[in-house]
Amino acid sequence: MHETARRLGLLDDDLAPYGRDVAKVELRALDRPRRSSEAGRLVLVSAITPTAAGEGKTTTSIGLADALSRLGHSACLALREPSLGPCLGMKGGATGGGAARLVPSERINLHFTGDFHAVTSAHNLLAALLDNHLHFGDPPHLDPRRISWRRVMDMNDRALRSVVIGLGGDGVPRETGFDITASSEVMAMLCLAEGEDDLRRRLERTLVGFDLDGKPVTAGQLRAAGAMLALLRDALRPNLVRTREGTPAFVHGGPFANIAHGCNSVLATRMALHHADWAITEAGFGFDLGAEKFFDIKCASAGLDTACVVLVATVRALKMHGGRARRDLELPDAQAALRGLANLEKHVESIRCFGESPVVALNRFGADTQDEIRVVERRCAELGVPFAVSDHFERGGEGAI
Amino acid sequence: MHETARRLGLLDDDLAPYGRDVAKVELRALDRPRRSSEAGRLVLVSAITPTAAGEGKTTTSIGLADALSRLGHSACLALREPSLGPCLGMKGGATGGGAARLVPSERINLHFTGDFHAVTSAHNLLAALLDNHLHFGDPPHLDPRRISWRRVMDMNDRALRSVVIGLGGDGVPRETGFDITASSEVMAMLCLAEGEDDLRRRLERTLVGFDLDGKPVTAGQLRAAGAMLALLRDALRPNLVRTREGTPAFVHGGPFANIAHGCNSVLATRMALHHADWAITEAGFGFDLGAEKFFDIKCASAGLDTACVVLVATVRALKMHGGRARRDLELPDAQAALRGLANLEKHVESIRCFGESPVVALNRFGADTQDEIRVVERRCAELGVPFAVSDHFERGGEGAI
Amino acid sequence: MHETARRLGLLDDDLAPYGRDVAKVELRALDRPRRSSEAGRLVLVSAITPTAAGEGKTTTSIGLADALSRLGHSACLALREPSLGPCLGMKGGATGGGAARLVPSERINLHFTGDFHAVTSAHNLLAALLDNHLHFGDPPHLDPRRISWRRVMDMNDRALRSVVIGLGGDGVPRETGFDITASSEVMAMLCLAEGEDDLRRRLERTLVGFDLDGKPVTAGQLRAAGAMLALLRDALRPNLVRTREGTPAFVHGGPFANIAHGCNSVLATRMALHHADWAITEAGFGFDLGAEKFFDIKCASAGLDTACVVLVATVRALKMHGGRARRDLELPDAQAALRGLANLEKHVESIRCFGESPVVALNRFGADTQDEIRVVERRCAELGVPFAVSDHFERGGEGAI
Amino acid sequence: MHETARRLGLLDDDLAPYGRDVAKVELRALDRPRRSSEAGRLVLVSAITPTAAGEGKTTTSIGLADALSRLGHSACLALREPSLGPCLGMKGGATGGGAARLVPSERINLHFTGDFHAVTSAHNLLAALLDNHLHFGDPPHLDPRRISWRRVMDMNDRALRSVVIGLGGDGVPRETGFDITASSEVMAMLCLAEGEDDLRRRLERTLVGFDLDGKPVTAGQLRAAGAMLALLRDALRPNLVRTREGTPAFVHGGPFANIAHGCNSVLATRMALHHADWAITEAGFGFDLGAEKFFDIKCASAGLDTACVVLVATVRALKMHGGRARRDLELPDAQAALRGLANLEKHVESIRCFGESPVVALNRFGADTQDEIRVVERRCAELGVPFAVSDHFERGGEGAI
């Protein structure tokens, strides 16, 4: 761990270890002046509309960062931490794969440093305070039918989505439900917070429902923010791990892109930018669902600026967009890939709408043919977009830049 | 941390740090031969029937261990870890107080090493699998009205005690509820387990309910044990912290004495016994509610033997048992203390029933008068029970032994 | 119908027909002076502790009334009307059997004159008003957790016993349930009411729950009594039918003896007493569960007085009380009957406690032996209690008086 | 009653009286040959799109029937019976008003002959059998999440719309709710049935939900139809009352036009057609919502044919359709009425689509001016539609024909 930290110029005192090979980094590490005179550059890795298997945003990010490191650059990743829920469900882990992988992957995929548990606890503490408040009938007089704050659990638990609580004389009966922790507003606040004070302010103004006169009621009015903050204090510090090749990676914050803004934490992104020359981050699912949130929520909130956008594509996904059935994606079909390029073109157009420069990284799979790859390369040339094949990642990363 | 570990003869490799001043200890540390030729001795600290304020089992345990350390003995604590639920509620923390305190107390009282979160996750994973099983109607065909496995949360959340889940078409509607994590059967299993294999066997045979033919259904039949074990692997390793004076303390496992067996983990107790000459542990509320579980469940399951039982008493509690109103406990009243000694005598009798030798430790408060203390001392002499006043703990501890 | 009515001296104008052979009788029929100079005499038919099959209170009542009629006396029954719920369930109808039967039995057992439906509507109207009241938050501010007024249905519907209502945003969620109409407090009030004004007063002071300050809230406060009364106006008038032999019978009110006072209506009993010389009524299950309610609730409320109490016994039930298994009750066993007489003796003692004179009527079944009957007869002689065998009812009735 | 019945040629034996002035008519009265050689003619009264107050379909029907009677024709009404629910709520009764009224109106508006209660009982019996079936797990194995049969109550009870039943260990928990009796499918079946056998067949094929294999389950499979029919036998016989002027009226069946087909019963319509020369019936709200159901469901099912369609209009409603605010409808405004005629024209067009001849009846209110009325008259002349002002009904009825 200390070796990894030293690559970023972090002091031993900045680190609070969590098991082996994982540490939380103190926020004060952001207060020291940057080592390098130049500002760090932020690379956003996004993707064309993905197939069910995912197109490799995370592996491409890791490969890119490792490539930069190998080329002698100072690079650091800033990624999202995985949710226990889908990990225990059917989706694979979220720590990359093959040679492009974060370590220690099993720990990252399970409890990691407890950030999700802390978010769960803080979120549910507010819910418990709220129901206690209802039970005792204290002012402000919450309308039990207009409480919007639900509970969360870091688990895919279908049976908890719609529940009636407060039965048996305990509390006030009402309809509510549990969401997955990754979609908690507390997670979103943690990811957008600039520090403890900012997080406290965000917690205080959280809307929990309405009173009997129809006026909004906030967590601050229920005096919940202090205890929530106490539970979140450790979770606010970014987690430092590394890639299998040793490139440092901040893995911190895991809001879902479909229901939340879907970016890793602002503090982790700042840490990467502050201590390295290249910070590589990812957002959303496809560029369409994610980039808007990255730019309009995260960057707007945090004042971040992006050097370039890497658009990950695969021949598989292009063939699917070109109309091939899912079971036939392994069969060569340059024509289908050609038809599917309409999807890539639209994403390129969208990236340019944000005033950003796209780079296409083709994440190569074993079944891809030269014909198919050439079709993509040619179109990128026509579009004036830099193109690279990410194969073993060394070459791929190099080409991409 | 490493200084503390070294006092126990632990190697750096045995430790997985969790933030500063906290580490988990690898189970393999139990496999190396004991340093000292003599077997470690186990001291159980219990109490007379307590007042609402508690009579100081934890502070007395800490004071006793610190005293033994000061006297040059090798001593180690084996205590329970606190539940987040009551901590955020009205009860004070569970890390001792005054000079007799564990550090880092705030972290121990909040998320600590995530053991409670791991138990919560494992417990609720089984519940989610079970409801999923019901939803898809897979065999064994669980009877939704005879499922005994509820959910848990590390929170005092009254509104969740009785709920109806599975509404809105998600899952099968049924009545259930949430308990507090400290009362989870998973917590009890974690505390009684001798290692991973033993824990897996315990998890597998956990009863979750009955099928439509009235036959019991276990977690093993739902193939839940593997995933539960994965979530519990880290939590199974005892947590090492220290007292403010530097005495090592294993703080691990937190089952409630009222609804579970209420002792810290067998593995932590073994760690303390294996690496020190004196292991000090605690059990239950009063000796009556707790000692039976300590001897008949924990010791029977783990084959432990106790060197002596320290019975903590306070003048306050004796006066309360002697009939004084709660608001008058500060007023001197040796007669009330005398009447209250009936409670102490009964506990002494109970301890002797288990074939153990009692030692009375009077946890002294500022308002105690010499008259009151002498009343207790005299009765102990009559009962043939060693007696000591625990004042500043140095002297107290010394006297107790 | 008119023939039956004329036997009681009722005018055509007193009758409101309900289908053929059934009529409601106007309350003004009570205002005309009694035809006969002597006051009518009230006979209560009760029973020893019954077997599951029932010992024949209703058939004995009918037989007794028919016997009195045959002997030239003016007799009239005053019985309870059956509940649709158990009728559609497993229990047989409640209109007697064999030669001793009310007609038209099918109509009486089904909707009859709609009294149960009226009670159901009035009861549930109050519940609907109450939940509407909660929904709009009008004063008095009902505490949703302390509402004691449930809903009713004239149906054995297990799934409605415990329900959560007010979900989906309609109304205020709360736990409640449905009882069977026969157990409704509205039914009890209808049966005890002396007229419309009295019923209105009873409805007004009905307790429905408590407000947030713990003060009781009544139906009157919710302004529900007027509408409830409108729904109950027709139901308040006693229903007149007849036995197969032509004896008039008021069948009116059907509260359950286990959960309500279990007697037919005061108004029907008054009608029978006013228009006949002998009014025969029944109460409870066994004399123990029912007679207390008859004397202390119905008679006390209505100022009624009883001429004698007929205690119905069967050899079957005596043998059961004497220890015979249920499947062996057909086998002759005078010894078992003898042992079972303890039950009869206790009931005789109870009747005397109320200052009443018991008469034992043995409801004879085909399997009864002379030995068994003689055992009962002898004990009755010892007890100084008149005894009669009710066989074909003509003789039985004669003997009983 | 008997006078009214005799006007229709009914025998005393055809009648089962229900209180005074109300009788049920035996179905065998349809089996005797028609007195008159000509077939009875059916007049459908419908309306333009109504205001909240209603435009007077029922009063116009009554007025029309009374007018025909006064002119010496044999006329009979066939109307819907009112629901207790809205009657106790805010909506007025459904027995006409002013001089054009059914008697005895109060009884018709309350329990009447218990038809709604019978439908409620039969409907809920099926629900109770179904939940009992679930509870015991008998085949066919119903899927508790796919049961479409809810419960009904003749009450506006918002809190029962969405409920969870089967709690407390009684039955199988599931989400369901109560509808208003008027919307029950049993009510619709009762109204479309041609007799007991037909009703039984309809009951048997009623869909209640789906089994675990997704196959439909019917009431017949749960063996519920027999008991339901027993409860509905009396309700199936049409109820005979009369107008204040003595014209006979069958008031039978009350399905809601918004959620059911909204016509009175086929058997009552047949009774009116069979025993009179003119049968006057009504359907729906406006002609658009109701007539389609009358023609395509009721007439198609029963093979009925309509002689003419009376379209009721009011100057009030026309002014509203012409854009006047609701509070200004009393002010004279012939221009607004003119603009509102678009609504009337569309309904005339719709009536002609069904191949029927429309007649417009203007239901006159005190505030209507000659100008306004003339506007309507003129447009009707242009449309070639007979037009009449229904004022005191004598003249109105005369004109309409």
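Think of it as A, B, C and D in the order they're written, each chain with its own count starting at 1.
Criterion: a contact is a pair of C-beta atoms (placed from the backbone, for glycine too) under 8 Å apart; a residue touches a chain by one contact, two chains touch by 3 or more.
As the structure is a computational prediction, the values presented were derived from the model and not from experiment.
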Note to self: Using the contact definition given at the top, which chains are in touch with both chain C and chain D?
What the structure shows: none
Next item on the list: Would you mind checking which chain's C-alpha centre is most distant from the centre of chain C?
Entry: A
Check: How big is the gap, in whole Å, between where the Cα atoms of chain B centre and where those of chain C centre?
Finding: 61
Note to self: From the mean C-alpha coordinate of chain A to that of chain C, what's the distance rounded to whole Å?
What the structure shows: 72
Next item on the list: Could you check chain C for residues that touch two or more other chains and list them?
Entry: 164, 167-169, 172, 175
Notebook entry, point to check: Which word fits how the chains touch one another: line, ring, star, complete or other?
Noted result: ring
Next item on the list: Chain pairs that touch, all of them, please.
Entry: A-B, A-C, B-D, C-D
Notebook entry, point to check: Hey, which residues of chain B end up touching chain A in the complex?
Noted result: 16-20, 24, 84, 88, 107, 110-111, 114, 117-118, 120-121, 124-125, 127-128, 131-132, 134-135, 151, 153-172, 175, 177, 227, 230-231, 234
Checklist line | Complex interface listing, chain D residues touching chain B | finding: 137, 144-145, 164, 167-169, 172-175, 212
